[in-house]
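Here the structure is laid out as structure tokens; the discussion comes afterwards.
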């Protein structure tokens, strides 16, 4: 039985369920309580669950993320909400030097069952310091898991999956997706972390995308179908681990690759995927792989410039044509 | 605090164990048995011994890269510590951590941290969980004077006081953050004052005097467990050795070190015992300690190296995710 | 007896200079005593003894640079348990003089036959499929841009009649164009015999002072001369379209180049009007190379404003070419031959070449054509002005 709700509502429901069913779960972050959540995800939670479960932290990302790590190690299941990936840089030391490594440095004694949620992405004219997409960067770090839900179903499911995971899980919610609507069926078994999903089957070209760019890729695919190009669109769902198996299977089918990634092109997750395809499916390629990423600029304020800097449906279409025409 | 013979012997032998263990580490390091960085606790023994004395088994400890002494007193076996320093699989961190990352889940010893002030937010988290789970136990967080400048020091003290957490912050003020004297790092060099500014109960204590340290810690922990909120102890101490092995100590005068050596906690404690008319057999303790240290070295020498095939273990819990 | 070694004080410490001994031979020493001062990259550090004993021998003079692990003193130890430890083998850094063979890459001279086979652009999937299906890659039609893809390999297999696809696409295109040309264009032909001796002599002299890679070929000289002549008679450089002549500013002569396996191709050197003789030579060389590799640009295949066909090297005396529509002219160059030459009432032997102009009579007439050939002749008599 499914309902059509917003991405925001899906996350809210998932957190609500988790907190109602497990005493160890609590939510901690800036403005999650009295403000109702900077993206309104936790609206009403403070009244319902109380200040022990919904903690408004001072502005100290390193402090409260580290506290989240300690609380997780000591038996709780905190969800730390860092307002946006932009501010997570202040907590990078805790995330990288403690959360991702504690299990290893202690020779397996202490795991960190922590969930960190962050809003990510640009496109709202918030300018250079508020528009990053750094999930690809975080995917570089062993010891972490990096999730990027694009659909409403995943936005719901991934909260549960992350809380069950014994290791630190980072969930990146593209800010533009909060208002998007989709179907949620709470009875469905969640697809596990590390598995990509084919959102659209096709035979001519594989487009790999995640987050909001999955949505753009699907739109592009519709358009390309009119030109007789049958696109297969794959939702990566997690950037660490990447679903190599699914990726290579698709490459084997279509022999042509296009990756959409909102990170800055150089050293982005698209580069990593291309490297892996090179390593594992080189002989399946019938054309050089292509990608649509963000331009190598800090995001400008002016709307037309910002849009020009980001992946767009028409750029995806154009690049798809280019890949198809290469031979 | 009542100092009886048993207690006196305990204090002395614990401090001596740390002293001799650390000296042995220096030797092993110079012979390349221990590699990487080595930060010795020599001179600061009274702080570790005094604080640990007031803790119970269920309390938690978060420490820094200068933590061998604390690990020893906490009860992590000298053998497993030395094996860890030797990089052997029998080490307390399985050989994965080394000198700066000693861990023991059994002893609630949460390392060992190479990032100055990196452990403070973590310790706040441990205490936060204890409070939420209604577990009446304390978290003790050690750090040096260098950490006071880091943002995380301030963030953590603020959170601890704001949320009234059961945590004891112990600042081991040995006057130098690596090569920088406190006065070049802090506008206000009275660290306990800074903590007080966060509305936290805060005291200075003579870190060369094990009895004073033990007394102060006992008081603090008692208050914490009675729900009195966080406590701060600034232990004024000194390290007789360099910051780490590879340090020419260009930043301080030899004469200053000599002056401080007069306050050697082992020597002053012995003197105190004489004043109190306690007779402890220091020779016997010396021999016992020597044996413990040698056993530890033997154990480490005989230890095994983890097979390289297991390299990618301990990145994720138990599963094979690459 | 135990060895006292230069201690390692840090992961990046490889050696230190022993500055000063703080003990003498025969001194009694205790654990913790300072035995010496050593200078390291971080400054002077005091090093200590780790056991009790008597200094037996100091093995190193002050101000000696010692490696970490080197034995620098001998101590007669009174502490037995430590001796064992000291006697343990200290891992030495093996010094191997491994000679790394530096392979000298000898740059190959432009061996066309070799490079052509190696550098066919083929996608990995296509290559794999070709192997699977046993397709001979050399039989696959090289498209203008020379890439082989999966579909090309698959199509190669789909052949029912072995020879239908053997007529390569290019052949078909040529056939089409030539038919059209013959049908539509009223050709006129003019021939001139040009004394090339002065030009060739001059060229010889020029080349003698140059390295091989910088030498100018007679073909380049001819092209340059033709370009200059076209500047004077621009009506021959352009198109006939929609019943009107179009004179083009840019002079992009299509150069007829024979391909090894199939036919003739006439890619253009673009914008020769601004080029010096050297630049013309370089462009010609580059064009031929890329043509053989199948790496031509689209514009080079479509923007020819005139065609030059030089069949002289095949032995033909004169060439009466067929104009490629929509162009309006073809310049044919025959073989440079030794011929008797009359000048100033004297008979001698000269290197003579027959240059033929085929013109589209709709665009130009014989007079224009003759002017062109005349100009060309005159230009070639003053080769030094061609630089």
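By letter and in written order, the chains are A, B and C; residue numbering begins at 1 in each of them.
The rule we apply is simple: a residue touches a chain if its C-beta (ideal position, glycine included) is under 8 Å from a C-beta of that chain, and two chains touch if they have at least 3 such contacts.
The structure displayed is predicted, hence computed values, not measured ones.
Student: Indicate, using Cα centroids, the chain positioned nearest the centre of all protein chains shown.
Tutor: A
Student: Using C-alpha centres only, name the chain that sits farthest from subunit B.
Tutor: C
Student: Take the average of all CA coordinates in subunit A, do the same for subunit C, and state the distance between these two points in whole angstrom.
Tutor: Roughly 45 Å, centre to centre.
Student: Could you give the separation in Å between the centres of subunit A and subunit B, each centre being the mean of its C-alpha atoms?
Tutor: The separation of the two C-alpha centroids amounts to 40 Å.
Student: Taking the mean of the CA coordinates per chain, how far is subunit B from subunit C in Å?
Tutor: Inter-chain centre distance comes to 65 Å.
Student: Could you pull out the residues of subunit C that touch at least 2 other chains?
Tutor: There are none in subunit C.
Student: Give me the residues of subunit A that touch two or more other chains.
Tutor: Residues of subunit A never touch two or more of the other chains.
Student: If I count partner chains per residue in subunit B, which residues reach a count of at least 2?
Tutor: Within subunit B, no residue touches at least two other chains.
Student: Which residues, counting only subunit C, touch subunit B once they are in their complex?
Tutor: Within the complex, subunit C contacts subunit B at residues 5, 7-13, 31-32, 40, 42-45, 47-48, 50, 68-69, 81, 85-86, 88, 90-91.
Student: Can you name the residues of subunit B that touch subunit A in the complex?
Tutor: My answer: residues 60, 91-97, 101, 103-105, 110-115, 118, 120-130, 132-133, 151-152, 154-156, 158-159, 162, 313-318, 321-322.
Student: Using the touch definition from the top, list the residues of subunit B that touch subunit C in their complex.
Tutor: Spelled out, the residues of subunit B in touch with subunit C are 23, 26-27, 29-32, 35-37, 242, 244-250, 294, 297, 301.
Student: For the complex, give me every residue of subunit C touching subunit A.
Tutor: Against subunit A, the touching part of subunit C is residues 123-128, 147, 149-152.
Student: Name, in rising order, each residue of subunit A that touches subunit C in their complex.
Tutor: 255, 282-287, 326-327
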